[in-house]
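Letters A, B, C and D mark the chains in the order given here, with residues in each chain numbered from 1 onward.
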Amino acid sequence: MRIGVLTAGGDCPGLNAVIRSVTHRGITGHGDEIIGFEDGFKGLLEGRFRPLDLNSVSGILARGGTILGSARLERARLHEAADNVAALQADHGIDVLIPIGGEGTLTAARMLSDAGMPVVGVPKTIDNDISATDRTFGFDTAVTVATEAIDRLKTTAESHQRVMVVEVMGRHAGWIALESGMAGGAHAILLPERPFDPADICAMVDQRFQRGKKFAVVCVAEGAHPIEGTMPYGHGEIDPYGHERFIGIGTRLADELAGRLGKEAKPVILGHVQRGGVPTAYDRVLATRFGWHAVEAAHKGAFGSMTALRGNHVELVPLRDAITVLKRVPPDRMEEAESVF
Amino acid sequence: MRIGVLTAGGDCPGLNAVIRSVTHRGITGHGDEIIGFEDGFKGLLEGRFRPLDLNSVSGILARGGTILGSARLERARLHEAADNVAALQADHGIDVLIPIGGEGTLTAARMLSDAGMPVVGVPKTIDNDISATDRTFGFDTAVTVATEAIDRLKTTAESHQRVMVVEVMGRHAGWIALESGMAGGAHAILLPERPFDPADICAMVDQRFQRGKKFAVVCVAEGAHPIEGTMPYGHGEIDPYGHERFIGIGTRLADELAGRLGKEAKPVILGHVQRGGVPTAYDRVLATRFGWHAVEAAHKGAFGSMTALRGNHVELVPLRDAITVLKRVPPDRMEEAESVF
Amino acid sequence: MRIGVLTAGGDCPGLNAVIRSVTHRGITGHGDEIIGFEDGFKGLLEGRFRPLDLNSVSGILARGGTILGSARLERARLHEAADNVAALQADHGIDVLIPIGGEGTLTAARMLSDAGMPVVGVPKTIDNDISATDRTFGFDTAVTVATEAIDRLKTTAESHQRVMVVEVMGRHAGWIALESGMAGGAHAILLPERPFDPADICAMVDQRFQRGKKFAVVCVAEGAHPIEGTMPYGHGEIDPYGHERFIGIGTRLADELAGRLGKEAKPVILGHVQRGGVPTAYDRVLATRFGWHAVEAAHKGAFGSMTALRGNHVELVPLRDAITVLKRVPPDRMEEAESVF
Amino acid sequence: MRIGVLTAGGDCPGLNAVIRSVTHRGITGHGDEIIGFEDGFKGLLEGRFRPLDLNSVSGILARGGTILGSARLERARLHEAADNVAALQADHGIDVLIPIGGEGTLTAARMLSDAGMPVVGVPKTIDNDISATDRTFGFDTAVTVATEAIDRLKTTAESHQRVMVVEVMGRHAGWIALESGMAGGAHAILLPERPFDPADICAMVDQRFQRGKKFAVVCVAEGAHPIEGTMPYGHGEIDPYGHERFIGIGTRLADELAGRLGKEAKPVILGHVQRGGVPTAYDRVLATRFGWHAVEAAHKGAFGSMTALRGNHVELVPLRDAITVLKRVPPDRMEEAESVF
């Protein structure tokens, strides 16, 4: 078989592990030919690709980023691709396409699949918000980075009697905040799934100070937001260039808490460190397994599907199931977290 | 409720996270009274315990080891305990016992449960070999430590053209070797589940050298063993004190490979670093969830059960199911690993 | 001897290692009595202290923060203290005071020393900007944390073809930016010691893109600033509460570069993670040595002095020498860094 | 200038950082041509080298090992090289040779230098035992790895009431044991510089147990040895192949302590993990500076010299000074360490 692989969407630790695994399994398991498209779907459309052999994926298992690059593609060009699936496939001579990506990529993958391209998707997102799989690779690394930051911030907060507000990634789902908050022992965890009242956080801080604990750490997902009317609406400010500048919830909440509590409250915005660099062992294993199973699926002709973790097994699920519902943090998971604040 | 908690068996990162979680959930969720028995079942039998409140579990979430200590207990004394369950329970006034431990501990827990003690078990083992749960806490930390070691050893092996043999824990099941070998990109993984032939490893090394790769890393579980007749039987040597000294498989295999290949082959025995120290974020979350659910189980009267991870959910399973079959690495998991050597 | 120890100023990994070392060396080496004042000079003035023995410093060597706490004190109250040195010393019965702190603390220490208090200072600052010592503890940890972040950000930048601007600590001296920038392999390092022209950074980025490197990482100290007239002056914006909000150089520079280059440019502000948490081995050793030598100095009557690293030796220097000149990054160190961009 | 660079001797984190720095400084600072000899002096003798440009050293700053490889060379062949220095230099057209290595390499470098080859050496050894420089790169990484292991082992030892014996590298000098023992808070540190009496260690352990501390950690350099007559002489045992097998001091000491104390005592032999993998920020900076200064020295014609750290400065010292005296741990450094046991 001639297998085309590409990575699309935001960065995610583990992408290279999938590329390596697809290449190894294809070549040593089946005698396949593997090509890698550069910069995601763009490379597919523009015919930019390179052959991948064992040497070209040597040493990349633990490397962050993606050796194939990734880039955004306008939706119009994707539709164009879908309209020319047969030609595209013929041009590159590929028997199957393995796109590795998040919700947007998988939607595009489904579009191509529906148009007749043989596709096996591999889901990736540090946000862990894809319903069809128990976990996605990249998530464990993001949680680990955020937890290490909270570990460090706690000692500082404790020594200096202040409130620290740590903003982690998660625009629509609060998984990173939930798990890094639990692992780091944050005293409040704020998620997009449930609007918060800053008064509740102040009450928690006051209680802690009364118990003799002179600090608190709040872990907030970037997509969390206050109950309407409880905090000034966060219009972006106007910067020196005349542009509106977006002020994230971490900074806004720290300001709000400082004002209400009359105590020091400092924001820390973790940002892109969560999505780059060496993947954790967990993510390397999961990514490697996904790559292996994607190749097997290709050889079984299980097109239009996607790899998914279910318990300890990697299974195949239809691409259409993967992207219909965002996996959000359910109430019982929040309840578990709350009791150990 | 008055809840007694204890930790028994070998060390395992995450024990303190369970103790903290039981204490928090019991006290803040239910108004329970929590006591911790010292040194495992010994403390239970000898009446050594201390009350646990929020302050006594403050700052232990990320700490390795167990604040309650752990010790071995002879089987005879356990039987004695089982014979006096009613008295023991009355003496300490506990409404439920939450023992945290591995196979031996859970067997003891079941014995007490069968004798009438209200028990909710929490499984722990870095070996990940308990059938009833998808994963155990401690395992991810052990894999992470082993993977970091393999990462380091690979660059050394590569620069100096040698074979490194890394021995990791796993007497009866090879999960740590499997996952750290995959995550570290080892070129052979040897498990207790499948006897190996050193000739196969030599063939792999030779092939790598022919491909221009002048090194190889072998990850071997301490319980792995050669196919009979392929290697000299590893009688322990006699040490200067006249005692037989056990020589582990890592050292023996490195000797064997050096002899067969005529190349440098060095063993590294990771040992106890795999089971101590700061737990990973994954293990802290899982341990915290197990503690939470154990308390809930106690309040629901679900005695004779054990917490277990199933997919993303923590469920309760009967203690008797937990300990009947050792969870070993199945053939399909080995196959996944082999293709990326 | 009765030795009083206190920690003052901002957080710095290694403070606990000094406290532990002073306690151990005093008690086991000299039979001293050790007391720890709480919250820095505040505790000294308010008579809040606790005895320290081997058990009270057990397990703190690797812990971030300070078990004694730290707090700001108004200058007026310090003068008051200086005016009552004899009474203060008599009240607490201390034979020597060992204050651990940065420039402000050492200035206060000198004031008390000049007023007659027997003082031996221990310098600490993550900024490494005290002239009298080759290095300060805390600095290595800060550099390590910043380097790990740059390592992670590089893979993300590379995969997604963007410029990352990492803002690290260093208001008056650029040591953290210099060393983390060198260690992380940043492509530009901007220090308070030398105003920069954003046009130079754009030129560097353009050159890299022409060489086929589709990303760049800029490491900027929080105290770095542009040559006058090269960038809009960074008035803080007005936040929703009507307060002026300070916008740091990292964010401003990323905006500027994005505008000039027409490429994505993202800021990451590391903030307080640099000054909390587990100290590196280097910092633990240096902090331990400083504590040891401070006690020796006390027993030799070398008051009015401060411990300092000179080459491999810990020496004593007069407090007055310690705080006169800020140690800034000299031009030759910048030249070393520039050649490996 | 045409600069030849090579790496020789055992592995050491930071080698690639030197290679990268030499290449960058040579090319961008002076327009030099850089070639890298493969496998140390072997490549020099056999004419195996490759040109190094900015792209060939891209991404290696944080990578362990050496991209040039390293191999042992018999002394006879080195003498042969020294006898043919003019021909060698003419063959490769190099104006200067920059060998990066430890004591053996620097001795060879001096031999070539004395024979007329323009040489600037760069010292490397994880053992930190070269007199002429305050520190060598690689050492900080080794200490960091060993300290992390001790951190992990302490919690395990504490929970399970046992003595752990950690064997670290250091055949002739005990620097790694000294600093990792101090940083990890070991309760005894045993160095080649001072023979130990196992009775003293037993006394320390007994005292700790009496104080209620039910564990101890001993950090022992591989080259440490008991005072004659205090322990059975460690003849290697005979292995199943009939060869004598060397049993290291860590294993022997653990056996001895277990026997004398009647308590569990376990050895952990860290081995090669100490010398591979990602270098610490400290080592990357030092290695980068050494490379930079070696190129500058070449352009100044300062042949027969070696880079050395003195305080915060990198200076040049004559090669002959570098290798005459091994830098061993002096008594005052041992005294500092002992007081915090």
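Following the convention adopted for this analysis, contacts are C-beta pairs under 8 Å (C-beta built on N, C-alpha and C of every residue); 3 or more make two chains touch, one makes a residue touch a chain.
Please read all numbers here as calculations on a predicted model, not as lab measurements.
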item	value
Chain-contact steps, minimal, separating chain C from chain B	2
Averaged-CA centre spacing for the pair chain D and chain B, given as whole angstrom	34
Rounded Å distance between chain A and chain D, as computed from the means of their C-alpha atoms	40
Distance from the mean Cα position of chain D to that of chain C, given in whole angstrom	29
Residues within chain A bordering two or more other chains	151
Graph class of chain-chain contacts, one of line, ring, star, complete, other	ring
Pairs of chains satisfying the touch condition	A-B, A-C, B-D, C-D
Chain D to chain B touching residues, read off their complex	7, 10-11, 15, 63-66, 69-71, 145, 148-149, 151-161, 164, 214, 232-235, 237-241, 243, 245, 247, 252, 255, 259, 266-269, 271-273, 275-278
Chain C - residues contacting chain D, complex	20-21, 24-25, 28-29, 54, 58, 61-62, 134-135, 140, 143-144, 146-147, 151, 179-180, 182-185, 211, 213, 280-282, 284-285, 288-289, 292-293, 310-312, 336, 339-341
